[in-house]
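One chain, chain A, appears in both complexes that follow, with chain B as partner in the first and chain C in the second.
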Partner chain A sequence: MEFLELLINALIAGILLGGFFAALSIGLSICFGLLDAVNIAHPTIIVGAAFCTFLLNDLLGIDPIVAGLILTPVFFLFGMGIYSLYYQFFERQSAEALRGLAFFFGLLFIAEVVMIMIFGVDHRLVSAPYIGESFTAVVTGMTFSVPYRLLAAFVIAGLMTLGISYYLSSSYFGRATSAVHQDMMALSLMGADPVMIKRIAFALGLATCGLAGALMIIVIPIEPAVGRFFIGNVFAIVVLGGLGSIPGTLVGALILGIAESLVSTFFGPSWAPAVSFGILLGVLAFKPTGLFGTGDTR
Partner chain B sequence: MSRILKFRVSTMLLGVLFAAAFMLTTAFSPSAQAKPIKVGFSMALTGALAGGGKQALEAMKIWRDDINSKGGMIGRQVELVYYDDQTNPKNVPGIYAKLLDVDKVDFIVSGYGTNLIAPAMPVAIDRDVVFMGLFGMNNNKKWKYDKYFQILPAGPDPAVGFSYNWFEALKTFKPKTIALLSADAEFARNLKEGAVKNAKAMGLKIVYNENYPPKTADFTPIVRAVNAKKPDVFYIASYPNGSAGLVRALAEVGTEAKAVGGGMVGLQFSGLMAGLGPNLNGILNYDFYVPEPTMALYPGATELIAKYQNKVKTEGLKTDALGYYLVPWAYAYLDVLGQAVNAVGKIDHEAIAKYIHATEFTSVVGKIKFTELGEWSETRTIVVQYQNIKNNDLQQFARPGTRKIMYPLDIKTGTPQTYNSLR
Partner chain C sequence: MAELIIKDLVAGYGNVSVLHNVSLEVEEGSIVALLGTNGNGKSTLMRCVAGLIKPTAGSITFKDEGAEIDLISDSPKQIVDHGIALVPEGRRLFPLLTVEQNLMLGAYRKAARERIDESIEFCFELFPRLAERREQKAGSMSGGEQQMLAVARAMMSVPKLLLIDEPSVGLAPILVAQMIEKIGELSESRNVTILMAEQNFNQAIKIADRGYIIVHGEIAFASKDAQDLADNDMVKSYYLGA
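And then the complex of A and B:
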């Protein structure tokens, strides 16, 4: 009975943690998976959104999740600007591979320095009624608890996945984004502007940083360099799920979250990263395109 | 002699006099008499430990201004030369090589913390210079370097001494079993090793002993795994991110352990204290200086902290607003160096090291005496319990009563209570 209680709690924690990982990764799945922009600054931009959430919460008392919603269009516009720069100086000159990577590295460092100058280096947290509290239920003598802050991350990640998947599969711009990923030349021959489509898609990827940042500061304390902690995780999740697959990103994140939680509970937390990345290597060995990736069709 | 010639001669004489006067004054002025003494170091100004590194740097600047206003070291002004190590040990050896070879500093002192002192040790030993450490844990155990001294008040065997008082404080709970968890990093692992020794000496049965990766985002599975072992007490050696994550996970999942905490770094930082607020209630943790009335054993510390807080306010510094944790200690490790250099009267690293070994110093952290390995001769870690925290207001932590001292007994301001009784 005790083992079963521990197992179910570990599964719940893993699913919720996976939701948090998915929220951090979905934007990158668009930028890297669909647009081939190796946006290594993605987690740092999320930290930027987390600091903005902190400001809105601290100065105006706005709930962090509401703050994340307010920030989403702001980060959409920021994404438009960043892509315009990226396109102008790298992609247009067919220098997006290595120099593009250097651009995003530069963006990462500049973003960190700006955050240090504005916010300092102290750790920041936000307060909300659901942070530090959990829903507890006793079922047949077993106690299960669900921390609200992680539940919020899971629910929002799920909604983001549904929304973006629906957008990409049902809207004109969404289908055009998939087309850009598959054949940019064919798309322009059909009269669409691939640069504009990529700009909007990239901006959508960065718009997710608004909510992801709110979730980040709900789940962990932030400081300007904390984004570096997640660079490995988010890229691993996008690759595991399959490049370009938004539902794949959610599934990949859930797999890593559950693996980390189960290993931490039953075998010791120090094994968790090794097992998570072992799963990634194992999947890639048998399915190089990732779980839901269809391979590069170009 | 014509009037014109007279005028020319007198002008020339005046010029010669002015030139001579200028040469004499510059030759004997303090600045020309001696170049400034350069003290070089790396410091965590960004990265995970920057919250501590920034406040340490400000304290060091206060010391520099203080000593310069008193005439400097051996009559020479003191200049600080420092670089950001980004809390990354890989950056440290290069920084110290640059300080010694390019900047030609006269002395080197460490950055903040064990993990950032360790990579600087080989450089200091290779150059055979005095090396003052700030909050180092057992950094000299392997090297046995005779010119290393550090300012962590954890006694001659710091790994054991650091947690000794914590175990003394929890005797009131009469525990029989213990769970131990540490971050997978040198300082935290050392801390846990010492805690294991103390637990064994106390006859406690170890039911859980694990390390967690520093990038862990969710600690609830770990807390549940610990709870499944039903320990009486739970010792944690963690870094700031982990400390905050564990405090929240404990609040959400709960625990039956009577005492929780021990070596949680970061809970002393203003940002985390204010952010975690009431979630901290019940945590029994180490500290070095808290605003309790019995902390008068450190004369001058109160004034120094007030000076630091005023500096943060007036200069609008983006650093820890309270500064209790590191300011007195970062001031003291330079103060010891300054006192030793002034006593020896010259820059002679051999003689300065001998003097530091032989002397009991008095600074803003009280009396300091070093052992052969450069550790403190006595443990002065204090154990505090977070109590009466009602909200996220930072100022409550500047008043007595929120971090009551549980140990040592001669300065205690409260009695340890079980974790759950304070929730």
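And then the complex of A and C:
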């Protein structure tokens, strides 16, 4: 009985954690999966958004989720700027992803140092009515609990993923975004400007950091370097789900979330990353394109 | 009402000049063949018209509905917006997208989006094979089917001038004949002006109203009509090595 209670609670927590992971990965799925930009700074940019959420909450008393919505267009514009720099100094000159990696690595360190200079290395939290509370149900003597902060992350991540997925599959811009890494020259013959498509799609990827940052500070206390712990996870999720597939990223995030939750509950948290990457390697061995990959093994 | 006039065009890649003072005209509603073997500048000329290469000298003018548009300084996007579509050499499909997604991307320009349903219907009528394969990934189709898709995708932009670069390349002889026939068909049914670069002389002259022979980046022969082209000795010596 106790085991069953533990198992079900671990599954619930895992699904919710998966939603949170999806929110962290969805932007990277666009930048890396569709645009070939190895944005290793993605989690750190999310931490930046989390600190912005902290300021809006701490100074103005704005609800963190509302703050995340306010930050979304700000990070969209930030993404336009970052892509312009990236294109100007890296992508235009050579197609090598490795040079781009250097750019994003630099961005990661600069962003971290700036945050340390402003906020120091202390952990920060936000306050909202739903943080620290749980929905608890007692069924046949077993107690199940759903933390509201994780539930909020799950719901928002789900809506964000479905929204982006729908937009990319049903709009002219979305179809051009999935075509742009396949053949830029052919896309320009369709009357689309490939560089503009990439800039807007990249900005859309970074716009998700606004909400993801708000969710991050709702779920965990943050400090400037916390993004590093998520680099492995988010890349593993995008590759597991399949490069170029937004729904795949959601599924990948849920799988890793459930796996990490189960392993943490029964074997201890230190095993969680090993199991996550074990799953990734196992899937890639049998399906090199990831679960929902489009057949492109770049 | 579309007409293309190219005058004294000079273009190339870096320091290598490929086209030397090329002049040609494509009259409204006609099919003009640009004939020549590999490496003589056919594709370079097509790319110049589509805006993918910037010529170093000369002019490219597109006449449409009484307006004269200078294409030299326009971007590929602007050129598509004028109603000019290129079926590029090697097809350049989006291999991981389905047939239908490829076609829908063809209708990307604003003016084409309003007519997308009608255009898709037209393409499926012209190439029924594509309708059967609409959910299939473009990269997994045969060469002939891919060439159909490449032509259909260009037609999705509702062009007034269609540039086709070597529709016969890599196809079995029977498919070449079919493809050329289809191009002739669509020129009539859609009233589209066509400039077609081709190596396959015998097939191209079946539908061409006129033709040019390009040798080493220069127009070696410009025909007045189809008969004139078929009778020309230059063609025979050029193709048969006589």
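Convention: the second predicted complex is superposed on the first by the 294 of 298 C-alpha atoms of A that agree within 3 Å, B and C clash if a C-alpha of one lies under 4 Å from a C-alpha of the other, contacts with A are read in each partner's own complex, and residues count from 1 in each chain.
Note that in this section a residue touches a chain if its C-beta (ideal position, glycine included) is under 8 Å from a C-beta of that chain, and two chains touch if they have at least 3 such contacts.
Just so you know, these numbers come straight off a predicted model, no measurement behind them.
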item	value
Partner chain in contact with A:L150 - chain B first, chain C second, else both or neither	first
Touching partner for A:S170 - first (chain B), second (chain C), both, neither	neither
Which of chain B and chain C A:S261 touches, first, second, both or neither	first
Which superposed partner A:T294 touches (first chain B, second chain C, both, neither)	second
Chain B versus chain C as contact partner of A:A192, first or second or both or neither	second
Chain A residues touched - chain C or chain B, whichever exceeds	B
Which superposed partner A:T140 touches (first chain B, second chain C, both, neither)	neither
Doubly contacted chain A residues - partners chain C and chain B	none
Touching residues on chain A, where the partner in the complex is chain C	172, 175-176, 178-179, 182-183, 185-193, 244, 294-296
List of chain C residues in touch with chain A within their complex	50, 52, 75-77, 80-81, 85-86, 88, 92-97, 101, 104-106, 108-109, 112-113, 137, 139, 153-154, 157
Partner chain B, residues of chain A touching it in the complex	2, 6, 9-10, 13-14, 16-17, 20-21, 112, 116-127, 131-134, 145, 147, 149-150, 219-221, 223-226, 229-230, 233, 260-262, 264-266, 268-270, 272-273
Chain B to chain A touching residues, read off their complex	45-48, 50-51, 53-54, 86-87, 184, 210-218, 220-222, 224-225, 228, 240-241, 244-245, 248-249, 251-254, 266, 269-272, 274-279, 317-320, 392
